[in-house]
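See the structures that follow.
Heads up, the next two complexes both have chain A, just with different partners, chain B and then chain C.
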Partner chain A sequence: MRELACDLLVVGAGPAGIAAACAAAERGKKVLVLDENPGAGGQIWRAGTHAPPRAAEPWLARFRASGAELRSGCAVVEGDAARQTLWAQDAEGLLRTRAESIVLATGARELFLPFPGWTLPGVLGAGGLQALAKSGWPVRGKKIGVAGSGPLLLAVAAWLVEHGAHVAFVAEQAPLGRLARFAASLAFQPRKLAQLAALRWKLRGVPQLFSSWPVRANGRAHIDSVELATDGEPQGFLVDALAVGFGLVPETALAEQLGCALDASGAVAVDAEQRTNVERIYAAGEPTGIGGVENALLQGELAGASAAGDARAAHTFARRAARARRFGRALERAFALREELREMPDDDTIVCRCEDVRWDAARELDSARETKLQTRCGMGPCQGRVCQPALHFLKGGRADRRRPPLLPLTLGELAELAADRTTLEHETSR
Partner chain B sequence: MKPRALVIGAGIVGAACAAELARAGFAVVVLEAAHPSAGATACGMGHVVAMDDSEAQLELTRTSRSLWEELLPELPENIEATRAGTLWVAADDEELAAVHAKHAYYLTRGVNAEIHDQHSLRSLEPHLAPDLIGALRVPDDLVVYPPCAAAWLLALSGAELRVGLAVERAEARRVLLHGGVALEGDLVVVAAGEHSLPLVSPALPLHGIKPRKGHLVITDRAPGFAQHQIVELGYLKSAHSHDGSSVAFNLQPRPNGQVLLGSSRQYDRTSDEVEPAMLRRMLERAFRYMPKLRALPAIRAWTGRRAATHDHLPLIGKVGAEGPWLAAGHEGLGITTSLGTARLLSSLIAGTTPPFDPRPFDPQRLCAEASHG
Partner chain C sequence: MGDAAHAHAHGEHDAGHCTIWLDGERRRAPIGASVAAALALHGWRGTRTSVSGEPRSALCGMGICFECRVAIDGVPLRRACLVTVREGMEVSTHHA
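On to the complex of A and B.
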């Protein structure tokens, strides 16, 4: 099998991964970054047919100059923490990568909560719709509703407006009062306030609703309208598409597979220098708790500097990162999901698309784990990437740990991977 | 008032016992440490199969299979019961001879079976390797989805289910819980798989049930890839290897087109992690029988633990002179034999004529085995 060795392996080329790679490479380390997308930037800085956002440019330039090597289109499928080895898959097949240290910067996934009609064509994840649009799906002139929760909604809505879409509404489930208090707490963070003001300016004229969430998406072959409940009052809108996202959840599958412990909120537990409980494995950015770009950049720099053995720099970043983390926590509290959202699905609402599981089959079951066993919810090809975070919210508890492989492989590749793991185990036990 | 039966364990065997005892007029309480089907029932294939490892095994599996057959019209859709049939494939002349012997034996025992040669085998399952020279097809073997089958049997029993209870000790008429609480009943059935013997120790030796780890892989949907549960004839050889580890080709097409692939056997494994060396051996074995498997997308691999006894027969009967009753140690056949086990146990409890010779299943044989060395 092809093998690549380096000092530091970074998984994910979003802001946290880029920062970690820069920090380590600039300190003389040989850095390899693995990323499943076609180019650097992650979900947030993804370029596609449009140029990457301006904020990304200096980072992307620094990344190119750092000497870190980027392998795009390269998805990690399995890891062996004891041997500091990850296996990845690219267009040519499987690849073994080994390093002194590993930084997990795997980002986040959008949280989809099921509601009647959410599986209709034209109902998309907020981030997913943006990604689709960046790769060429035309939004100009389309009437698009944006619903769910979190700062991503405003960002997506503003982006859609900029690209010529007609945004019908932005429906945020959190109450205005809670968000106003959060905004007030930003008084000492002028940059964040300025960002907020800029977003709101771009969205002038767009109805911004609070304590509002989708009740039903209507349409036969495609969504044509959506009904919202705003402060308990029904409200209908005609739309060509609906972008929904109920916030982000840390992407922890690889971390879990490597044996990294999670905290109570389901994020990877890290110390003040971004170390996980597994020796020489760091985590940075959203996997350690949703905190946004600046948080991710700081954590990435911190992890990279720490992995490169620069304790002094790490110490400096650690203080700034702690502040950023506090901001992340406050953000989480401000946009906390309300209880009523658990009532969104009705009996016929699909909760697991892979296995066609309807809510009436799952509603009465006690836990996420039992739901998985009894209904096969989460056992399909996506292995619960979409439905499990929703089920955690709807039912509480986690189904169980992820089973290998992290991404579908052919049985032939699975055997090849198992053979290579066996070889490596023999080599290293001698 | 109805007599009260306490059943420990809400896997497929405990669920079947609960249903049978309820039918016999007991008010049943099922005690479960985790949640229903949390153990081996969650991990296996759900192949309901006649197996002829021994005369006793064939009696138990054949009886059980016909009990499943009787239930077929009632089973809800989520159990996904299908009459897939089993194809026992032969790779060489020795195994082909075994096909013929098995065929003759099955016919004398009233188990439908038919012999296929190399040519007709190809038309039954085109993806099998062309050098496989024959097979025995057992058309009446079934496939079910075990966790839903167990849940259905539990619901059928009307039993009161108490989850999250850690049982420390089972006696003839009493169950002691962790923390000193006791539950009383008119009888107690231990159906806790590999966790059963510690509950009745020292009446039976603890090593009478050993966990035997197995690996499984499931693919994405590939409708039409295979029609039968396909097992290599060397499967029994693998099942018999007492020392070390073994693999055997065992494939099941799920009704939705997914393919479940096994099998492996290992004693003395403490970790439930997927082990690369075993996974590789198991997959290579499967590729030898069905080379085209290599191209199917695998979505998940996992492991489970079978509760195995030294003679590959479950422990069904009374522990000592007083009890409690035991229904455990079903190894890889718990789904198949759950119904026959429950039927036998219920007749032993009632003192009626058992459906087949109960002696080979008597748990007391463990004591004899222990004293012999």
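On to the complex of A and C.
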């Protein structure tokens, strides 16, 4: 099997991974960055058919100059923490990567909650539609509804308007009062307030609804309209697409597989220098809790400096990172999901899109874990990445811990992986 | 004459696009576009059929849901949102 060795291996080329790679490479370390998406930048800075946003430029330039090596289209599928080894899959097959230290900067994914019609083509994630549009998915001239929860909705809606879409509404499930109090608490953060004001200006003329969520998406082979409940009142809109996401969840699958402990909120637990409980494994950015891009950059820089042995630099970043983390927590409270969203699915609503498991088959089962055992929910190619967080919200209880590998592999690849694990165990025990 | 040469001779080629095959139909796609975007641009709405027969297409846009999966150059289970179009690429929505 192909093998790559380096001092620091970074998983994820988003803001956190880029910052970690720069910090370590600039201190003389040999750094390798793996990302399954094409190109650098992560969810917020990825380019595709569009130019990356201006804020990304200095970082992307610093990354290019740092000497860190990037491998795109390369997905980490399994790891062995004791041997500091990760296996990844790219277009040519599997490869083995080994490093002194590892930074997990795997970002977050959107929380999708099931409601009638959510499986129709044309119902996409909010960040999901934006990511696709950045890669050329047509949005110009389309009538698009934006729904769900979180600051991402406004960012996505504004981006869509800028790119020629007609945004029919932005429906936020959180009540206006709670969000107004949160906005008032930003009074001492002029940058954040200015960002909010800029978004609202771009969205002038777009109906912004609060205490509002989708009740049903209609259409035969594609969505053509959506019904919302706003303060309990039904409201219908004709749309070409619905972009809907209920916030972000930390991507912890790889960290969990490597044995990293999670905190009570389900994020990877780290110390003041971004170390996980597993020796020489760090986590930075959204896996340690949703905190936005500034937080991701600070944590990445901190993890990279710490992994490169620069304790002084790490100390300076740690204080700023702690402040950014507090902001993330306040955001989470302001956009907390309301109880009523648990009533969104009806009996016939599919909860597991891979195996088409319906809510009436899953509703009575105790927990997300039990549902997986009884119904095949979470056994399809997405390995539960979509349904498990949803069931966790709908039912409570811990989500199921995933078993390796993280992606569906062919039988041939599984055999190759198993053989290489054994080879590695022999090599290292000698 | 090969297809690329044919396209060139007929002036269909420009720097910003490449030629790909979507379910056997010849189409042009912007360089840098994902396969998922190319399918949507050319009017493919559902790109896979679920186990109970429903049409499905991309949801997450970032490689986690597998709803966009297609066969690319004969390899099944490729996530169309993660793969960038390439000259001559063959995409099939029937064997995913």
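We adopt the following convention: the second predicted complex is superposed on the first by the 429 of 430 C-alpha atoms of A that agree within 3 Å, B and C clash if a C-alpha of one lies under 4 Å from a C-alpha of the other, contacts with A are read in each partner's own complex, and residues count from 1 in each chain.
Here, contacts are C-beta pairs under 8 Å (C-beta built on N, C-alpha and C of every residue); 3 or more make two chains touch, one makes a residue touch a chain.
Everything numeric here is computed off the predicted structure, so don't read it as measured data.
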| item | value |
| --- | --- |
| Which superposed partner A:R323 touches (first chain B, second chain C, both, neither) | neither |
| Touching partner for A:P408 - first (chain B), second (chain C), both, neither | both |
| Partner, of chain C and chain B, that touches more residues belonging to chain A | C |
| Touched partner set for A:V123, first chain B, second chain C, both or neither | second |
| Touching partner for A:Q43 - first (chain B), second (chain C), both, neither | second |
| First, second, both or neither for A:S135, with chain B first and chain C second | second |
| Which of chain B and chain C A:R2 touches, first, second, both or neither | neither |
| First (chain B), second (chain C), both or neither touched by A:R353 | second |
| Touching partner for A:M379 - first (chain B), second (chain C), both, neither | first |
| Intersection of the chain A residues that touch chain B with those that touch chain C | 380-381, 408 |
| Residues of chain A that touch chain B when the two form their complex | 361, 366-367, 369-370, 373-375, 379-381, 383, 403-405, 408-415, 417-419, 421-422, 425 |
| Chain B to chain A touching residues, read off their complex | 35-37, 42, 78, 147-148, 151, 163, 217-221, 261, 274, 276-277, 279-280, 283-284, 286-287, 293-302 |
| Chain A partner contacts - residues on chain C that touch it in the complex | 29-34, 36-38, 40-41, 45-47, 50-52, 54-67, 69, 77, 81-84 |
| Chain A residues within the chain C interface of the complex | 36-38, 43, 47-49, 73, 75, 109-110, 112, 119-125, 127-133, 135-138, 221-222, 350, 353-356, 380-382, 385-386, 408 |
